[in-house]
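Same chain, two partners: chain A is paired with chain B first, then with chain C.
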Partner chain A sequence: MQAKEEGGQPARPEARRGEPASDALLKTLTIPGKLTTSAATRDGTKRREVEARLDITRARETRSNRDAGFGRLSLGDIMTMKKLIGGLVFAAVLVTGSFAAQAQKAGGTFVFLVQPEPPSLASYLSTSGPIGLVAPKIYEGLLDYDTDLNPVPALAESFEVSEDGKTVTFKLQKGVTWHDGKPFTSADVQFTVMEVLSKVHPRGPNSFREVTAIETPDEHTAVFKLANPAPYMLRALSAYESPMVPKHLLEGQDPRNADLANNPVGTGPFKFVEWKKGQYVRLDKNENYWKEGLPYLDRVVGRFIPDASTRTAAMENGEVHYGAYGAIPNVDVVRLREMDHIGVTTDGYAMINPVSLIEFDTTRPPFDKPEVRQAISMALDRQFLIDNIWFGYGKPATSALSTNFAATGLYAEGMPNYPAKADVAAAKKILDDAGVAPDADGVRASAVLDLIPYGEDWRRAGEYMKQALGDIGIKVELRYEDVPTWLKRIYADYDFRMNVNYFYQLPDPVLGVHRHYGTDQIRQGTHFVNSSRYSNPKLDSLLAAGATEADATKRGAIYKDIQSILAEDLPVVNLFEMQFLTVYNKKLKDHETSALGAYGSFERAWLDE
Partner chain B sequence: MNHSVKRLRYVLKRLLQALPIVLAIVVVNFFLLHMAEGDAVDVLAGEAGSATPEYMAELRQKFGLDKPLPVQLAIYLKNVLSFDLGYSFRHEMPVSQLVLDRFVPTLLLMVSTILLAVGLGIVLGLIAAVGLNTWRDNLISVFALVTYATPLFWVGLMMIVVFSLNLGWFPTSGMENIAAFHTGWDRVWDIAHHLVLPTITLSLFYLALYTRLMRASMLEQAGMDYVTTARAKGVTERRIVFVHVLRNALLPVVTMAGVQVGALIGGSVIVESVFAWPGLGMLAFEALFARDLNLLLGIFLLSALLVVAVNLVVDIVYSLLDPRIEVS
Partner chain C sequence: MTRENLAHFWRLYRRNYSAVAGLAILAAIIALAATAHFFFPDDPFKLAGRPMSPPATGGFLLGSDSLGRDVAAGIAHGAKTSLLIGLVATLVAVGFGALMGGLAGYYGGWIDDLLMRTTEMFQTIPSFVFAILLVAIMKPSIESIVIAIAVVSWPAVARLVRGEFLSLRNREFVQACHTLGMSDLRIMLGEILPNCLSPIIVTGSLMVATAILIESGLSFLGLGDPNIMSWGFLIGAGRTVLRSAWWVCTFPGLAILITVLAINLVGEGFNDALNPRLRERR
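Moving on to the complex of A and B:
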């Protein structure tokens, strides 16, 4: 549903910027029938059977989602609706035509950009981005997620949640083997979740915090016993978030020291072959892959090219086929997207849900006053940032939660203090009312603004903020350090006043948002948690309630309260919902088959050469 | 005493002298690097997205970062003296293996660059000096000035735009065609093909330097008394230039080349980054930002050894060029 939300937006940048209208229409129009069409034509009958089995279990969950999604679609911009109807016949021809004409071709080497070079391939230890690009092609999760964020079978052919929500039973695929030939069984699932993910994965202890035990009545059944219902857990079972790892290669040793980190052995469509440091990591087709006839590609190679301009040149030249997560900078994408052989998409990031923001030290002046934080939120022109620094790729933030959570009914509209365009007068008034008066030079407060050291865009954003906040009398100095220094300053030393950053909100607020606000998330020395040191007992109890509430409507109400509190207190000011860009060579087909996008397995991707 | 025995003794003596220097370099580097804020654990945990303080403490203990600095230094020195460069926790690999893996591409790029830069620099400098104040001299001087003043990364990117994107003669980046995975002679040819653009880019800067040095040195030597004497003896101009002046004029160029080997490792970071060349410079650069200090120290140590070795070679080349200089 979240993917739909992004893909079907009327104001989608590519569509606006002259991408052939039919393409945009096609995406919008195929959505309602997408599930059945794709299942039937792309995967053959086997998948459809599995789908059917799964349908029963997820019917209850998806019904509400789907309704919400349709609601949003029909509510979409009326202007574009007219055009939609005009192109309907044309698009319908395209839909049927495109599936019939494109028979997948097997073979070929797919080369994609991995930037920067990953420290290891241990996705069970680290959620580091570049690891996520490579490891999910080797390891698999229990579930995968389609582009509408519905769970689809992966290593689990089906799952069932008990009435009280405290027992989740996974039926595992039969005949799955690890790349070294050993069979994959429920013992691997138990070991992975209890001994690896719950213990050493950065987000695992949170995702699986309610899991008390996993029972394995037979080799193909894993029963998760939960202390409380954990609806978010079912969204955290992808190959990227919770990879299943081989028990026989990790048992009896510290997973953090295991050789598996550099020589991964999974069940996935591609096998690890070699990693030439500084050059590439090479994966070859898994001939014994359990999904018959897949994968199509013979080989997948991840290339490391440190220089952004060279990455662009390599993409232009056809030496690489695919670059995601900003591997090609926006400034170059603007040029590349005009080329016939190159495509650009913002799809494939719905599970990640990145939001840029400012964190404040709420314990010290001047940002201990909520009014000052409100004024800053009012004074920053979010649309300006998006249009001028991110080349139109992004969406102004309107609440503590991303609008992508509208699909699950958690996002609340109409929160105060979140204008898309700056309102300088209102910001000044807030400050005046709060008694933060300007001195002789017009300065009300001054502070250093730290910037996330992840590229030039953030520096430019900082320059803008310095000017914008100067307008309301907040004098800002910019600081841009290297990654370790910055991390230590923000999360270990708390030696900052305001910090520009971005967080992944992930597919559920429990996984990605709670860590920002909970009192229990003030964890000195831990990165990307509550560095604002904001503590509000009322909010804490709401967060706890939101985590365990199984009923979707009640859960939505809880999160509405949470967002109201946060919109007033603003320990963190969200700036905009980021849209990462995936740039690809149009020779590459079917690379967008899962919600995970670049963090997906690419089992069905193929090259039209 | 026999000449070659003498030379061997000289080499041994020099190596012995180098030992304390290298050790001093290690110690200084060690403290210098530890002055940087943050450590490898901060970076690892930061990239991972989130990690508990207990986990980070555990990692620090595992990496030996919880011990006081002097103890860490003592352990490191002990390891280095037993030829163990330690372990890179970021790459989960022994430092020696990492460094040696990347050393070959670095050496390849370095040797080809020095050969091209020194070779062509000598020829251009010679031409310029012989045709002093002619159009050749002017052309070469302007060329040297322009290439010296142009930033390396810009030259690299322009090379890619012209020769890879527009003409399609060379690949944009990398050391090998990784879609093909060549073997045998095909692979050698493939690597040579990939080596062309980085070598030219990196050479241009040094080429300018050697050209100017060679030209100045030739002119200086040409005004010496021995040239007048030779001319008075009736030696041909050709012989004067190529036998007398050239050999003498080469000495400063060779000295310069020796000094610059060390700089070449550092200076190649930009070229390695632009062309995605898997060399030591990039490795050092990444290691710095990851606070992978073991790896950095290993690279510095290797560079120090390299500079020592090259300077030794340069001294020996001196004695070959100019028999008056004796190794002793």
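Moving on to the complex of A and C:
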């Protein structure tokens, strides 16, 4: 399995839609979460104390109002208040706790696997997986997210959401400079969001769809003006999703052709030094990094090793310290995890939220009938796939949304047509009732199944599905192609019937799920959007409502309706929630400090050698 | 070939004991392929039981693979595919190679130059890499694999046939035919070709072995036809679990080894029996 390349083509800005939430709570929150760090050297080791100071003020509301208001929190509230408070307190405890427990050692070269080699380092142009492994160590976002997905300060030291949810004010860190020495200011934020991310980023036009303007009253303040409340935007501000790029190096050129793609200049903890094509990319410690005493590592090297067994051997003998996103195949992980010096974790993918699935062409037979798609969902043994092909790493899908959305109340339980084990009799009955009868050879329908060309696991899955669908009379022929041909077939030519794929659902459905189902997401030529060409006006209006609804309970109800419709119509059949594996050498410490996992900055990672 | 000729051929052939053994093994493999449907009536892709069962457990003679498919059934059904691909690809390659070589050798001159430069162009490309390229371009299917193997195999035949035609075209019997007014086509097909059949048969039989190896190699790299069971497919599917389920790769690998060995022995036997220079050596 390889890290997936998402969104090869820049997307057009979306049409704005949705109603302002009329009953949004009156709120203005100022939540400056300040990380004050002081580093002291003692006996050659650095100790670090972190003090998180929380200051919460709530204008125009009395204390009792606030307490009473907790019961009917809007999503915006949850994002900005509950989680920030809880999150920052939690983060502070976690951070101080872990720092107190173990003294960090500075220095050392951290070597990790980047698989496959990225096409460029332009994370503002592409969300391709391998770019995500390298670029967030160079660029930073306005916010970062702790392991519970709560926002924590990054380039923005605090933010404030206005009472109507239509103005978000970011206070930026002071004294931040780009790697070339120029200061980082609010003008960079304005330029990045308005001129780069909203225009050429694959998911940016969606994340920032409501942003009409960004005002910069001073160098350290950026005010986002929104057409409608966009609570999901605050989840899309990480270094991976929305990297801040230097205006002075991109202004006046087409960002798609700028030299910055291969010579990145960011504000992050590591500076780009060299990229030896086919071998490695080298980043060195940013001595002027604005977080005092950080990073600990002297050097970060991302190595490109195309052969899976060579990667495993390199991990086994300590040549590399870290491999994520399936860089080490599951079959080898099962062996490596028994070793004393190797650790394995499924953490660090919550922001990514990957789900494997089958996309159907809903415009042509045989998959224009929802019953046929339901029968397929019923006939596939999701647990079999997980147990035998992914070695137990995964969770059967139970709805259009991943169970990871249960935390935000958006996931709905008990959807039909999503059994964990196959129910062949029920699948056949659905087909019989729908009048899809078998011919003399027992064949009810036949179709080619395209498979995502990301490695052996997917082939095995295809071979399984061919058998399982054969059992209910759907004759399947398998087709493997190379990545560009496959992408063109599915997303540009629509020359397919059913396609095995996986999508990142991301931390909010608006960011990762809507693109699958909305009529406005039928965008021929854009990768990883609505290739099923499913169009349902009722669903469209629910999606629009879900995007702008600020009240958490109401939003949950909307998404329950959405999931009910999708469980019946199934333009896309979800297979299972994937669990990517991160394999690391236990010498490496504190690499899981961010929700972004491998897509994080590694500023606090250190080597115990 | 008359009955006496055949008897004479067999007398010469059986002097080489290893060739006889090879023939016996090959006959057994062909029998296995022919009776696959009898012994393993189910689809070899069928998920027949518990995945990764070791040999001789769970009703699997040779174990099951990572999806619970019967390895023994795969080998039996795969034998058909592998032999068929080897045979068809070789026939295509020999046919095309003989045509090119025959024309070049018979006519000489610019035709020879043109055809031989073309042949050399194909020969300069490493054959397996070329086969990978062709299959990748055409999309993996049984037809594209046969075409790819034929395309990389024909130049050797062409060079061989050209050499034979060159040496035979000035012999007295050919000149006599010219004098009798026979057409070029008749001379080529009726007179020269039968006289250079022996080396073609020997080369062809060895090419079948090479073709099976190329097909297995392509399948191993994931370029096989995903809808048809072959030995290479079994090995490719089992490669990733080699350290935990050795039997998935090992048995099809042995099948390939034995088959290729048997075909080589048979080819060697043909060479001994058909090559007049070697005929009386023993």
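By definition in this document, the second predicted complex is superposed on the first by the 508 of 609 C-alpha atoms of A that agree within 3 Å, B and C clash if a C-alpha of one lies under 4 Å from a C-alpha of the other, contacts with A are read in each partner's own complex, and residues count from 1 in each chain.
Basically, a residue touches a chain if its C-beta (ideal position, glycine included) is under 8 Å from a C-beta of that chain, and two chains touch if they have at least 3 such contacts.
Model, not experiment: these values are computed from the prediction.
A.B. asks: With chain A superposed, do chain B and chain C clash or fit?
C.D. replies: fit
A.B. asks: After superposition on the shared chain, which partner residues are touched by A:Tyr464: those of chain B (first), chain C (second), both, or neither?
C.D. replies: So A:Tyr464 only meets chain C here.
A.B. asks: Once chain A of both complexes is superposed, is A:Arg209 in touch with chain B (first), chain C (second), both, or neither?
C.D. replies: Touch status of A:Arg209: no partner.
A.B. asks: Which partner, once the models are overlaid, touches more of chain A's residues, chain C or chain B?
C.D. replies: Touching more residues of chain A than the other partner does is B.
A.B. asks: Is A:Arg533 contacted by the first partner chain B, the second partner chain C, both or neither?
C.D. replies: neither
A.B. asks: Taking the superposition on A as described, I'd like to know which of chain B and chain C A:Val301 touches: first, second, both or neither.
C.D. replies: A:Val301 sits against chain B, while chain C stays out of touch.
A.B. asks: Does the superposition put A:Lys429 against chain B (first), chain C (second), both, or neither?
C.D. replies: Once the two structures are laid over each other on A, A:Lys429 reaches no partner at all.
A.B. asks: Quick check on the superposed pair: does A:Leu478 touch chain B, chain C, both, or neither? Answer first, second, both or neither.
C.D. replies: A:Leu478 contacts chain C only, not chain B.
A.B. asks: Just to confirm the geometry: in the superposition, how small does the C-alpha gap between chain B and chain C get, in angstrom?
C.D. replies: Least C-alpha distance after superposition: 5 Å.
A.B. asks: Using the superposition described at the top, list the residues of chain A that contact chain B and also contact chain C.
C.D. replies: On chain A, the overlap between the chain B and chain C contacts is residues 481-482.
A.B. asks: Over in the complex, which chain C residues touch chain A? Could you list them?
C.D. replies: 43, 45-47, 51, 66-68, 136, 139-140, 222, 226-227, 237, 240-241, 243-244
A.B. asks: In the complex formed with chain A, which residues of chain B make contact?
C.D. replies: Against chain A, chain B makes touches at 36-39, 42-53, 55-56, 59, 62, 90-93, 98, 101-102, 105, 153, 157, 160-161, 164-165, 168, 171-176, 178-181, 272-276, 278-279, 282-283, 286, 289-291.
A.B. asks: Tell me, which parts of chain A touch chain B in their complex?
C.D. replies: 109, 111, 116-117, 119-120, 125-129, 200, 202-203, 205, 256-257, 261-262, 276-280, 282, 301, 303-307, 309-310, 313-314, 316-317, 319, 481-485, 487-489, 491-492, 504, 515, 523-529
A.B. asks: Mind listing the chain A positions that touch chain C in their complex?
C.D. replies: 329, 331, 334-335, 388-389, 456, 459-460, 462-464, 466-468, 470, 477-482
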